[in-house]
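For reference, the structures are reproduced in the following blocks.
Both of the next two complexes hold chain A, though its partner changes from chain B to chain C.
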Partner chain A sequence: MSATTGDMTRSVAEARRRWLRMHGWTIGVWVLLAVLLAWYATLIPAFGSFTIASIAKNSLQTVYLAISQGVVVIVGGIDLGAGAMMVLANSISARLMDGQGFGMSMVISAAVLAGAALLNGFVGWIIVRSRVPDIIVTLATLFVFSGVALMILPSPGGGASGGFRAMFTGSAGGVGTNYWPSLAALVIPLAAVSVWLRRSPRGLALYAVGSDVNAAYLSGVNTARARITAYAIGGAFAALAGLAITAITANGDPRFTNAANGTLNSVAAVVLGGIALTGGVGSVIGAVAAGVILFILNPILTAMSIDPNTAQVIRGVLIVAVMMTAGLLEVRRRRTE
Partner chain B sequence: MRMRMRRGIRWAAALSVIALIAAACGDDGDGGGDGGEEGPFTIGVSNTLVGNQWREQMICAIKAQARVSGVVDEVVLANRDTDATGQIADIEGLISQGVDAIIVNPADATALDDVIATASDQGITVVAVDQAVSAEDAYNVTNDQVAYARLGAEWLFEQLGGSGNVAYMRGFDGHPADTARDQGWDEAIANYPDINVVSEVHTGWDPSTGAQQALEIITTQDVDGIWTSGIDYPVVEQFQNADEPFVPIVGADNNGFIEQLIELEDGGLVGAIVTNPPPVGGVATAIAIDLLTGAEDHPRDTLLTPEVYDNVDDLDALEELFLPDLPQGFVSTMEIEPWTTYTAQDVLDCKGPGEE
Partner chain C sequence: MSLDVGPARDTLIGGEPPARRAWMRVMSERPLMVLGAVLVALVLATGAIEPGYLSLRGLRNTLLLAAPLGIMAAGQTLLMLTRGIDLSVAMIGTAAAYVAGNQSPNGAGIAIVLGLVVGCVAGATNGVGVGVFRVNPLIMTLALSGIILGLFTQWAQTFLQGSTSVAPFIRTIGAGSFFDHRIPWNVLIWGAVAIVMIGGLRRTGLGRMLYGVGDNPEAVRLAGVRIWQVLLAAYTISGFFAALGGILLAGQSGAVDLRLAQNFLLPSVAAAVIGGTSIFGGVGTYSGTIFGALILSVLNSMLTFLDAGQAVKQVVYGLIVLALAWLYAAVTRAE
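Up next is the complex of A and B:
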């Protein structure tokens, strides 16, 4: 009797340890985000609905990019073209939506998302078939998509309907105090993709392929389909980031620096969010928190009156510090086991 | 196991929701004053191009003017390399911080309309500096960028006797100042049908990019004159590197360029500066403070007309502007009468109110 209880306690403890090991990072990043939010609240005179709406809305871009890159990195790839896909979607949508109503804007959005998924799925297909490393093919798409964006919209311009802007920002003017639409725009796609990743066989296949492509293949996983699917989803989320920019600014901005910054932020969010660049490990939920953190550092550093030239350094140091802390915890855990 | 996993996700989600709700309990800020107050005031600054000497000086002029005004207790800088999307976020951050006035160097002329309107609704005075914004509630304090390009281009075309091949070295593609200068350039060139533009490039206002492009133009094209959007001394240096004879060149009031115009005058360099003074930031600060204290009312648009000095007729003026101890990229015009009340040393110190 007592022996059984002891076994059960042990197995419960063991399960808890395993659970913590699997999700420790994700929880850690969310705790870090909560701490940063609380800290920011003390730095400014009034942390009200305006500030929440601002953070939720302005985080959308990095959050979508984080999901986009996260899905691709989980399957063992990397998409350097993510930022360019974002800029391309932003340029196309801002150009087409200019002067259109809400209904037409929705049609354009759907077309842009579907087009981006197809296009990036095609990129995934090229990677699978040609066996050229992901980093090379997507480095090319970074330049190609940026160039196409400049062809479509040679200089910043375009527009968006008020209803479409409200969908992402909570108000027709893009600035306001209604934060629910932005929070919904943040949570719903995240929930959909993370449930799909963790619950559906096709989603789990991404993890299988990411951790060991040969083992996955031998156990009957369609590895080519998993990789192409990941790129397609990644493309759609990068395009969603572009649509969010269109909604926030009612403007398209085709410049290459935006594409490059977008890609760099997406990789930073993935790394900070605990998705291993080797593939197969991590969750998009962590990457999303990291995406919000990467945004919120800007107003925090501004509120702290930190010399702007040091702000970039602090951002980099934070990423390294988080990585090192996690690495140290991992080493200690291995030693105790 | 699966059960626990789900609970974990729920827990993390709950945590973030709690954080947000807890945060939401705070009151909304009341922004700032409506004018006619005594201060002390907080001034926010939003700038989207870092590591650029002109912008650095603009910010130092803002800090210096805020410091000598005596009614500003803090200048909050939202300063990073970003686009209109990031600038909207930065301005929202400044609004959250409860600043009384925002001085913004806009990344886009129209994209900031809504966020500026929001700031204005909360009683915050918004002054756009360097280039105008379309927002109705904003005050614009700008160097006349259309005139900047037109005056320099006309000097160049006259210098060439009305005909020849010119290189058009522009600024940052899509930037409002670049667009305005392009308009001035078009106005000037319309009157000179025999001027051919053989090369048009965007330097991005980056000295090393501009130097690269200049070298390419000098060595591959037959140019009689070069107009630059302020990336000037690197272009002159490329003539020296390539060992090519100088052609007439138009630049801005950069210290390095002025030095070249003075020293290389004997070597055959002919050129003109068109002033584009960064102390426009100080002017914007003076105006913002006037509006906050209610000391003086100002029109929506304040346009500062640039001046042209060449090393043919105005060598004395150039020698007066030249600052021997300062770097090449430093812009020589430090004060703008009657607006700025600081000294040149205040700008060099670059200290805001309360900074040691």
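Up next is the complex of A and C:
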């Protein structure tokens, strides 16, 4: 791949091509999201602060799940239990916060987040230690976590304090026009994770392990720690998605369908966002944009008065079409190289 | 395949008590014997909890559940051999059952054939996506599952409306028994599937290519195999088995709804994993999967006798899958 010395123009062109290949997909996803948002603005009669608040608030769940899955997939794993962890955190927090004040809610949130990080870190440890494929171990945690959620909260219920709800939604009732808290809840964790992944040695270790675990090990990266860290962060973000649901709906819903759909959406967001399932490639920023795209399709299709079931079909076809195109491009690229 | 690196490297080299090593050897050389012992132990334990269970009538209920699970897990086994997975088996089975229910007034034969055709078409769609366009199997089958759910939720209110009850013949093969009401018919169908699967994997070219594609795709490709054709065939067969399982389930419940097969998706993967099929491809047998399906079904009966709810069942299933997968990984490494 190295350009010959003296041939500056070629090396510049080469560098530009490489940069495009690295970031092209992420940029494309963000452009698509911008187009969809603009289109949505023209579809509905009044695009104002209420709509922005609603979009920001309702995409929180998908965004956190996309970050959760993204970190794990970058390190070369996959967490099929992410949706179940979300449901578990939602069930526990809704049950414990019912009738509590803001202070106690914050204590509960912190405990849930720390517990989720520890628990999923333990899952990561099992994967490293047992050498059972990630997909099998996390398939098991999908069963186990959603089972435990059902034990803790056998049927939908629970509650949350107004102050806690306002933290994610901007108002104590969960519905309002103040969109800043939701936007902050969306941007701050995303920025923190992206910077950590791209700038800190431990974050970069995740990419190293994901792209070639043996090479990373031989160059001195603590591969076990990188993988366990990724699962712990993934668990914390899945739990954050669960807390966001508690804040938005003031309700806990332990049904298995929620867990399965959560996992499905997170994997779809990650793949559409340009993170390769083979690991080491892509960024959580792309995954988050893809997550918001997957969410925004629902209100767009509703605004076009398309049946929600058709919307589900369109989403599925879209995912397959994008993946097929990516697959074809990959096959062609390999042939020309 | 790869360099053996990582912190767990030294755990199984040397320093192993001889008894444990001998036990490991039995597990690696005769895995079916170990699975059989686990199965017998589970059956006896269930019998201790509920004495009536240890009779042909008691075991009948377990077999009735094991047959559709084992048939759905057949496709799963084939695909895991090729490093794939099919997360759409439950939705394909449900779709086939819906079509079979809708066509029941035209006769059971037509209903079953059309149901199976739906399964093959859905499976072939997965096959084209995975084989030709190189879409990740996880994404492809999950997306197809979502597409089918959307389509059939709509169609259930339009032209498939009122197709909730199935023909008497389908009910007989799904829930009926012969030999003085002791052996369910669906076990006979499962037996046929088992013969085709075990014989096909061992003796046919396609069977050997499935192992080859999972074991070393590059070598198989250089040997002149068109991998996409092998994958297309495998996914189509998986769709066929999913449809067959779904139709038998419809016969068992006598009615069709969109949640018909949803509780069978994860157990179908679990059955193959328990049976020793590796998700990395190239390793596994259908005989193992049969034991996996039986173990899960006996476990289900046991937990039902213990009045355990769905929550406890999920936790136990998950822990069993994890424990057995860990055991297999340890045994493979010890070799």
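In this text, the second predicted complex is superposed on the first by the 308 of 337 C-alpha atoms of A that agree within 3 Å, B and C clash if a C-alpha of one lies under 4 Å from a C-alpha of the other, contacts with A are read in each partner's own complex, and residues count from 1 in each chain.
Convention: contacts are C-beta pairs under 8 Å (C-beta built on N, C-alpha and C of every residue); 3 or more make two chains touch, one makes a residue touch a chain.
Keep in mind that what you see is a predicted model, and the values were worked out from it rather than measured.
In the superposition on chain A, A:G262 makes contact with neither chain B nor chain C.
By the touch criterion defined above, A:V132 reaches chain C but does not reach chain B.
When the shared chain is aligned, chain B comes close enough to touch A:L33, but chain C does not.
By the touch criterion defined above, A:H23 reaches chain B but does not reach chain C. Shared-chain residue A:I245: touches chain B; no touch with chain C.
Once the two complexes are overlaid on the shared chain, A:G48 sits against chain B while remaining clear of chain C.
When the shared chain is aligned, no partner comes close enough to touch A:G282: not chain B, not chain C. Common to the chain B and chain C interfaces on chain A are residues 309, 311-312.
Across the complex, chain B is touched by residues 15-16, 18-19, 22-23, 26-27, 30-31, 33-34, 37-38, 41, 43-52, 54, 58, 61, 155-156, 173-177, 183, 194, 198, 245, 248-251, 253, 255, 257-258, 261, 285, 289, 295, 298-299, 302-303, 305, 308-309, 311-312 of chain A. Within the complex formed with chain A, the chain B residues making contact are 1, 4-5, 8-9, 11-12, 15-16, 18-20, 22-24, 26-30, 50-51, 74, 76-86, 88-90, 92-98, 108, 110-111, 114-115, 117-118, 173-174, 179.
Those residues of chain C lying in contact with chain A across their complex are 2-3, 5-8, 85, 129, 133-136, 138-140, 142-144, 146-147, 149-151, 153-154, 266, 269-270, 273, 279-280, 309-315, 317-319, 321-322, 325-326, 328-330, 333. Those residues of chain A that touch chain C in the shared complex are 78, 126, 128-133, 135-137, 139-144, 146-148, 150-151, 154, 213-214, 217-218, 223-224, 256, 264, 267-268, 271, 277, 307, 309-313, 315-317, 319-320, 323-324, 327-328, 330-331.
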